[in-house]
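Before I ask anything, let me first share the structure, which is written out below as structure tokens.
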Amino acid sequence: MSIDARPAMRSTGVGTSPRRLGIFARRRTANASAVRARATAGERVLKWGPLAALALLCMFFAWRAERFATVDNLKNVLDQSAVLSIATVGITFVLLLGAIDLSMEGIMSACVMVGALLVMNSRNANDWGLFAVIPVVLVGAAFGLANGLITTRLKVPSFMTTVGMSAVGLGVAQLLFDGDQPRVLDRPLRAWAIGRVFGFTRATLVAVVCIAIGVVIQRHTRLGRYATAIGSAEDIVALSGVNVRRYKALAFALAGAFYSIAAVLLFLKQGTGNDELAVNVNFAAITAAVVGGTLLSGGQGGVLQSIVGVLIVKVLENGLLLLDVQPALQRAVQGVIVVGAVVAATWPLRHRLRVVK
Amino acid sequence: MSAAVPALRLEGISKRFGAVQAITDMTFEVRRHEVVGLLGENGAGKSTLLKILVGLVEPDTGTMYRDGQQVRFRTVTAAADAGIGMVYQEQSLVPSLTVAENILLGCEGHGVNAGVFRWRKLRELAQAQLDKIGSNIPVRAVTSQLTFPQRQMVEIAKVLSIEERTAFDPVVLLDEPTSVLDGPDVAVLFEQIERLRERASVVLVSHRIEEVMAVADRIYVLRNGVVAAERRPTETTTDELRHLMIGREDTGSHFHAERQADCADTPRLEIVGLSSAHFHDVNITLRKGEVVGLAGVQGSGREELCRAIFGALKVDAGEIILDGEKVKARSPRGAVQVGIGYLPAERRTEGMIGTMSVAENMSLATVGTVCRGPVLDREREKRVVDDWIERLRIRTPSGSVPMRQLSGGNQQKVVLARWLMSGDLKVLLLDHPTRGLDVGAKSEVYALVRDLAANGVSLLVLCDGLDETIALGHRVIVMRDGEVSAEFAAVRDAKPRPDKIMEHML
Amino acid sequence: MHSRTMKRLTAGMLLVTMTLAACGSDDGGDAATPSSAASTSAAPATDAPATTGGSETTTAGGDDTTAPAGDACAPEDVVLIGQVRDETNPYEKSWLDGGDEFAASVGLEQKRLTYGDDSTKEQDQIKQELSSGNTSCYVLNILPNTEGDTKPIADAAKEAGAFLVTQWNKPADLAVEDYDRWASHISYDGVESGKLIAETMFHAMGGEGGIVALQGGLATTAAKDRFAGLQEALAANPGIELLDEQTANWSQAEALTVLQTLITKHGDKIKGVWTANDGMALGAMEALDAAGMSDVAVVGIDAVPEAVTAVADGRMTATVSSDGPWQGGVGLAIGYCAAIGEIDIASLTADNRAFYANQTLITADNAADFATPSVDLTEFDCANVFNRVSGPLG
Amino acid sequence: MTATATVVVPPKQRRELDALRRFAPVLVLVGLVIGLTLKRSDFLSIGQQQQLVESAAPLLVFATGMTVVVMCGGIDLSIAAFAGFASLWFARFVPHLGIGALVAVMLLGAAIGTVQGVIHVKAQIPSFVVTLGGLALWAGLALLQDKPSILIASNSSVLALDGRLVGVPRLAILAGSLALVTGLLMWATPVGRWVRAVGSNETAAYLSGVPVVATRIAAFAFCTMCAALAGCMVAIDQTNGSPGTGRTQLLPTVAAVVVGGTAITGGVGGVGRTVVGVLIVKVLGTGLSIIGIGQKWENILYGALVIVAAALTIDGSKLTVVK
């Protein structure tokens, strides 16, 4: 019971105490804005820190590695980032939910094989050309949807669902592979895929389009906004009458669709269908997303942040190679720098009572 | 439809959760444009009633009428479609979304076309809702950057948005809306309730009898799952309502003022020039067996001071001296080891561990006392815990029950017992020890405070209400903008007046 | 809630049990397991094999064997098992196919096992196979995943009294002669193959210019040996400059990325790309294609079908064949001949217990002969199984 | 959300349900074993069981360490990579230290786990990220040597660990003892409570004076120490250490912990459950390949069974939010 509220109401009535309330309000606002300023300082670091790290890395490599800052090399980095970028756009939606997706390699392998067997290839008489993208995307989305449905309906944590689904995807890829690697014989299609526009490879352009689509979905559609909301406060969203399970499942399906597009690029770039092309993509994508500021706890970050992370990872890879770092050391150095970057980016957020898992 | 038809009527509602009969044959009515107050102790059935109204829980028996038509809500959405919405006690806005999105979350209407947001339209729709309550909170703002009272306003606007989905005048349920607000914000809220009355019916649930008396047109008092009484504020008194709620006669000694013991002159805890980001150069001395009430509005730094003394917050300068010795280890663990305890305000998120048992929660801080060497002595633990369960009259089947299955008051007692268990407790910092407790449980906590002080423990107490602060304390220290602004003696028969204290808070 | 959970549990249990019971229907066992780097083959380390004395005199059938010493198995009692990493690898698939052809020629069936680049799984499989029944007529033809796996496998075979042939991976100081029923270890001289393709490439380049090298996974002997071969060739050809060496972990995808970067780094100076296997060579060719560099020589090792085609087309300069189908067949053949008593393991010469087999350089001239993998069954006659020995490990 | 009124379920029914849930992993294991025995009658033979137990030993060691970290609410992705790194140093130390090499490498593991834990706790970055970096670092550093593997001399005393004691593989006894001791420590000392408190509600634990920082760091130290031990065990079995030792064991380890019934979100679980989880994963993984199902389908079936096993053993009803 509060004496501090009651006298005002009892004696003078609620409506007649604006003067005092005014004082209160001002004091409160001043205080709140102080809190706000602190919060945004942290948020700003989270938002711009990765970009600053990317800039620093680029500057360092430009200074130390003579070929790094050439137009050709930078275009190369973009080309090499294409597949990972698209896959990372996909996983970003799952991470925004606060879930995780470890099925990327399985789904991509399955999609690679489906795609390679549908375009003109050395194994069968199919010749779907670019139309092969449609069934491939459907396959990817179906895998993702299965992830989502199992996670939401059977209440299996996404970690386990997707570990299992990855094995299923790999299994499907191996069934389709059947010991005979299909070569892509559709020359025009391949030429299109590896061709360049204004010096940028088409893979780069496809990636840019995918990123743009990802940004639009994340920022301007129910699916994207709800995914973020679910990641930060799932129970609240459910209480507002949103069908949380549906949007979760859809986010997984969307991720699967993005993986499948990455898979199409992958086999077109390689010219063959192989169940091993997607090895290591999964951890790379998660690393990129986290380094970029799409945190595993959900609700934070987004497509663009994740892409900054992709560029950090790829620039690092490229720069270390150009720097003549001993091959065995390159991975070790990457690991150290990734941890260092995250430490630096989130250092100002530290607080005694902060819980980080 | 005639105005005589109530906006909402429940007849013969019963709800049973397993062995517990939560509500029995309850009849409840909300008339149009009426503010209904709902009073009751924890466990009286308020929460269940609200959940039934808002579609979270379906009653076992009974019928509901909305504007005279029989209805049945299976989901929150169904209730919303019938114009019933709730402002939750713990706020229910998504921090990362904008105000506009939060207001229209789940029912964007024309704000979304084929899954794609039409931001301008969405903001217009949201603005319309905010206009209803005359709020000038920007719809583009990200919710996490709003103050707590601002967010509550957004919630009210959100609830009002169901108006557009239905032909009914909305019914707005406010669940303990004032429990975490300071005085002035309560006033703003009540102003808002007056405004709501013009377009909606309001059900207000609160522990604070005076508040309900101030705004409600009609008051229901619930006890043990039935309506114990229905009153108009003009026809009743606070005391009567309190009696009705607890069904006992002993409310006169609510604060157990007669048990306030005199305290010794020996200083126990000296805070010397303590400074941090939230407060500056604070000097406070607690004597042995003394209760000091710490008053201040939100942002005065008193909560932070508590945490800093306990070592949970970084300090920039200053010293903490306990029984003449400087406290070196600045961490909660260090504080516990020298005999300082702390009861956080947020019981559920900071005070207890819901998945762990009552016994484990109780012995968490002083687990060493129930160990034989490094090994837990479960027998001894059980004895000690059972003893405390009995002494504090904690209602639990046994000490091995998960903590989350207890009611709020009993949980709070367990958390308190955690500190009482330690034989050498010297200082206890109580941050809103009675928040969310019903009248009976509050009174028991007050009694505990008296006992502790009488046993020589020094207490620093932060409360929501000034009357509590004044009644409990030997002294009241006021903080403003991170500094001590005044100090009042508050011995048993010479309590300071609240308005005097208030002057120094602002 | 109660009954729903119950139902879910019971249904799930049934499902697990039934799936397991049901999916045994096809016992044939053609294999498919998780991925591995393309053709992670490995040859022995450079140290000379420490063939300590005494082993030659060990009589067949030591204390551990369950079958009476010297007792030959009836041919129809022999159980043939072939194990490789992955059937998705064309080379390893052809291995098992060769094994099948041999098995069919003696009226048996080969059990095909794959372990998907997972050492734990490989050993589990073998130990499970050998952990029950009378295993003294089992014949194993195994591709150990890494050097580290060879000894546990040999020990398991010894304990079970099974006949064993291993290929590619064996630590130098592990002596085949210490085991009664470990008939042979077959490998290929990685230094030689690395050198062969390097020299062919240098020749194609006209003896001068810059090259880059893509190594295999750095943890394998094969990668190190093959690269040593390249270095030997480089020493003999001062006109050739090694611009850069990187690892692409045997992976086609990684090779493409790495070479792309190397192309920006060194540009037109690159006249040749030496890779430690064909998978990386294929990736490298894609990178060169994309960069419009058509006249760069590319060489690899393993003779996977795609690479052989590329060599035949002139897109690739050379590769080296170890002849997978032969490996798959001959390994089983040696064990089979030993099991039925045609070969007495104890009296085999050291050269036949652990040896390098012949490998063939494939260039545009002879690529057509290798277009389709095939076996010559007469090579699997007990008298001919050691015909391809080129020399002792070393 | 609202005054989250205590979920009231009649106590008796709830107890039954909890009991059923608790034993779900065991039931799944029994179901699997029955299924396998129907298919291959000698699955329960001594030889098969010895083999199963032996091959489960390193996984159990990995999983015991991981259980503690997961119960704290964290995860350690670096264990498999570190096991490879550790096996190399183990092989290197054996000639000088004999059996002491095992202790040395475990100490090294504990030290490195401490470092990872300190970075995680002090810099407040998710354990997922720290250990992901660790994964890259240890995998990379393990490659920095001339030889692909280092042999443990065959006369070395440590290889005696590879034998059997009255029919039970010694390594399995070692692993079992570790799990037992860990389980006992968690049950009989306050450490178990601290771990669960940290995993369920770290803030409350901190404000109760629980040594949160020390608990977390110790969990990571212990986990990496277990990884080191597991690496040594594999090295002993293979008689050499190599960078690839244990490389594939990360996901099976996490799967074993979770399938056993330890919540990936922390707070709930135990080493005993993990033992069952390890057996489920092992029986699944090796069982599928020995009963000779069409091996093309093996991966697909494995994936499906992992999901089914998880769905059966994880108590979804207790999780308000499944992530």
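Just so it is clear, A, B, C and D label the chains in written order, and each chain counts residues from 1 on its own.
Heads up, the rule we're going with is that a residue touches a chain if its C-beta (ideal position, glycine included) is under 8 Å from a C-beta of that chain, and two chains touch if they have at least 3 such contacts.
If you're wondering where the values come from, they're calculated on a predicted model, not measured in any experiment.
With steps allowed only between chains in touch, the distance from chain B over to chain C comes to 2. The chain with its CA mean position farthest from that of chain D is B. If you average the CA atoms of chain C and of chain D, the two centres end up 32 Å from each other. Inter-chain spacing, taken between the CA centroids of chain A and chain C, is 38 Å.
Centre to centre, using the average C-alpha position, chain B and chain D are separated by 42 Å.
In chain C, 32-34, 218 are the positions where the chain touches two or more neighbouring chains simultaneously.
In chain B, the residues touching two or more other chains are 88, 92, 312.
Residues of chain D in contact with at least two other chains: 1, 9, 13, 143, 203, 206, 296-299, 301, 304-305, 311, 317.
Under the touch rule stated earlier, the contacting chain pairs are A-B, A-C, A-D, B-D, C-D. If you check the complex, the residues on chain C that touch chain D are 1-2, 5-6, 8-9, 12-13, 15-21, 23-34, 42, 45, 111-115, 117-121, 123-125, 127-129, 131-133, 145-149, 151-152, 171, 173-174, 218-221, 223-224. Those residues of chain A whose C-beta lies close enough to touch chain C in the complex are 67, 70, 72-73, 76, 79-80, 109, 167, 170-171, 174-175, 177-181, 183, 194, 201, 266, 269-272, 274-279, 317-318, 321-322, 324, 327-328. Across the interface of their complex, chain C is touched by residues 9, 13, 16-17, 20-21, 24, 27-28, 31-32, 34-36, 38-40, 42, 45, 47-48, 50-51, 54-55, 58-59, 142-143, 146-149, 151, 234-235, 237-249, 285-287, 289-299, 301, 304-305, 308-309, 311-312, 317 of chain D. Across the complex, chain B is touched by residues 1-11, 13, 188-190, 193, 196-197, 200-201, 203-211, 267-268 of chain D.
Looking at the complex, you find that chain B touches chain A at residues 75-77, 80, 88, 92-97, 101, 105-108, 112, 115-117, 119, 144-147, 149-150, 158, 178, 181-188, 190-191, 194, 207-211, 214, 297-299, 307, 312-314, 464-468, 498-499, 502, 505-506.
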